[in-house]
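Letters A, B and C mark the chains in the order given here, with residues in each chain numbered from 1 onward.
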Amino acid sequence: MLTAAKNQLRVCFLSIKYNIMREMVNKVTFLTNVVFMVLNDASILVQWFILFRLRDDVGGYSLREVLMLWGLVAASFGLSNILFARVLSLPDLIINGKLDAFLVQPKKVLLGVLTSETRISAIGDLLYGVILVCLCKPGVGGFFLFLLFVIMGALAFTAFALLLGSLSFWFVRMDILQNQMLMGMINFGTYPDGIFQGDARVLLYLLMPVGMALWQPAHVMACFDGKMFLAVLGYVLLLSVAAVAVFYRGLRRYASGNLMEARL
Amino acid sequence: MNRCNRKVAGTLPYRYGFGGRHKPWRKYTVIYKSVLLENLQYVANVALGFFSYFVFIYIYNRLWGYMYRSPEELIAGYTKEQMIWYVMMTEMLYFGANANVVAGEVARDIRGGNIAYLMNKPYHYTLYILARYTGEWSVRLPMYAVFAVLIGTALVGPLPHFQWITVPLMALCAVLGITINAVFKLCISLFSFWIEDTTPFQWIYNKLILVVGILFPVEIFPEILQPLLKLTPIYTVCYGPAKLIVDFSPEKCVEILAAQAVYLAVGSGLMLLIYRKGVKRLYVNGG
Amino acid sequence: MQAIKVENLSKTFRVKRKEKGMRGSVKAIFHPQTEEIRAVNGISFSVKEGEMLAFIGPNGAGKSTTIKMLTGILYPDGGRVEVLGIDPTKKRKQLAYRIGTVFGQKEQLWTHLTPYDNFRFFGAIYDLSEQETEERIVELAERFELSGFIDTPVRNLSLGQRIRCEIVASLLHKPKVLFLDEPTIGLDPVVKENVRELIRQMNREEQTTIFLTSHDVGDIEKLCQRIIIVNDGQIVLDDSVDHLKHHYLEKKDISLEDIIVEIYKAQGEG
């Protein structure tokens, strides 16, 4: 059991290492991707400087809190796209029968698929998130809390994308839905929750993992709350288990591209 | 992180029978029409894209709802309604006339070597791309416009002081803005003749447009910066058309149209120059 | 001992159909019209250990669907499969350690890596130690004559070189059964012959069971003892290649190719 887990991890690690090695072939492209992504993310700071010129708080957040939230979202998204970027092309893999190679390997199909691509620009996202949070001087404990929440956030992103992507086993156009919902999650997640009131707020806790995986961690980082901390961990775990279950249930309907051939 | 609109339309087969040597523009209208017809099939996909637009407008509606302390307050000379309508219009142009597809395709054509086949066709490659792009947004943008008016009226109410008579001028200004944007994005993509990956530069251009043009009107920036911002293409791409819709005045209209004419001329000249240099380089290095 | 046992296996695909026009598009957004196609319709057969079997049929007959159900890629709708005593639907991973697959039209190798790096990766996937992997690479590289290009990225290899690497990658873990789906497609005659010889050698030296689909009669003639022909998802013939050659149609001097064409045609009419 333990050796099996160790072997599985070894394969995942090798897979990600090879992904990065491939991109490193052209060092200039690699570096521009990383550096420009940091600049790209940083440019949005202009928006917040403008807004905080108009008022001292936005939705109850101070500038520092907004920056912490931004750091968390960028780093979570980045980590998810370094480790599991393939989740974003899952609908394509399912519809066009590109899961075969993973299905004949004696390893977890899902982990094999997810780790088979790394987005280099995501390194820039992760870097930016970490730099931004460090500039806010969170302290040693705060920094480790941040890292833990980044892992949770990355899991939540991946699980949410996996859940929506896996629906491709049943429905069409899930690629568009997946893309739209993830963009929605990032967009909502990068604004203070205080500006949303009433039903909309409820929806953002139920419909997307924005509330529990991004806003609440930001609150816990600003002011530690043990119960909420555990609730976030429990939520992310539950979401991940649900997403994995849906993927494996759908895998039975996998058609391996034979559907395409029959379509003539 | 980037906002990315997935490519909703398929690619068009490259071969077409062109006739009419005497009318040099005819071929581009044929390309335009073919792409337009093709894109009509993807109407459902476009409609699914409304979700992201709605999310943005919803967030901005709530954000400005929080920033304005009282209904009468003016920020940078804009009422709350005008401010939200401003974002709605710029975002409508951004989503409805997304040029990422075109930019990505040009980069792929050049890096993938497809350019060699497209270059020798009896049309100018850059104009061919622009005609195709126009065919694409001709389907998407009107759909977004209808959607924008609907949710705008529902969320913030109708635009104050709106006059129907000014619509043709606004439309002209919007079309020019969209085209200038496409020309600049094309310029960036044409650098693919020299460098492997131009997408990082597209990100930065997009983000500049977003932060400086889409989210806020120019008046909101510190006064020292404003003249500088008016010199950038952003002023003609987003601010111009949206400003006219939200707060029309004949003087502004003339000013913006004049600026657009200058930018279109400069941008196109730049585009053709880069293309010519790039092709020359291709001949020298043999692809 | 049976290497493969299949009983009454079936698989049905639902194919999407789009109605024409705007209304069809709107309807198809979430609820596309579907139509059922029976790709495999209740087939049964078994393969002995060490046997070399050709599993053939016209395009769309259900060959790939069957091979994919045997290897655990597709989930059958009905019937039973056992490969080396293991049910692929229940113990996919366990089975994967003991079989190898080569799909001529789908790559399993990472094209940006060299064959050597690919083999090391596959070694890790099959839980081989570094030393075991090295030894096996040396052994197979010599047998398949890879030394000239083992350090060249796969994307720069010729098709023949690539197929040889694909086969080596699928043999690293000494599989008991090797599934080959059109392994010689697109290869020139010399390379084809070379690949066939290597497969024959594998079968002889390691007693690997070979399950082959191919449109190339040469593959079948030079490799297989037994032939199964499927059409419309059903088995229409299961016979030894020798018997088929000498007794079918009671004609002498007719090539295997012609015999197969006759059978396909007869099916088309019936």
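Keep this in mind: a residue touches a chain if its C-beta (ideal position, glycine included) is under 8 Å from a C-beta of that chain, and two chains touch if they have at least 3 such contacts.
These figures come from a predicted structure and were not determined experimentally.
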What survives as touching clusters without subunit C is one piece
Reported most central chain by Cα centroids is A
Of all chains, the one whose CA centroid lies most distant from that of subunit C is B
Per the C-alpha centroid definition, the whole-Å distance linking subunit B and subunit C comes out as 50
The distance between the C-alpha centres of subunit A and subunit C, rounded to whole Å, is 37
Here the gap between subunit A and subunit B, centre to centre from mean Cα coordinates and rounded to Å, is 29
Multi-chain touching residues of subunit C, meaning two or more other chains, are 28-29
Multi-partner residues in subunit B (2 or more other chains touched) are 44, 48
Flagged in subunit A as touching 2+ other chains are 173
Contacts from subunit B onto subunit A in the complex sit at residues 1-4, 6, 8, 44-45, 48-49, 51-52, 55-56, 58-59, 62-63, 65-67, 75, 195-197, 199-201, 203-204, 207-208, 210-212, 215-216, 220-221
Per the touch rule above, subunit C residues touching subunit A in the complex are 13-16, 28-30, 32, 37, 39, 60, 64-65, 68, 71-75, 92-97, 99, 101, 103, 106-108, 110, 112-113, 117, 120-121, 124-127
Seen from subunit A, its contact residues with subunit C in the complex are 3, 7, 10-11, 14-15, 18, 21-22, 25, 99-101, 103-108, 171-173, 251-256, 258-259, 261-263
Touching subunit B in the complex, subunit A uses residues 26, 28-29, 32-33, 35-37, 39-41, 43-44, 46-47, 50-51, 54-55, 58-59, 73-74, 77-78, 121, 125, 173, 175-177, 179-181, 183-184, 186-188, 191, 194-197, 200
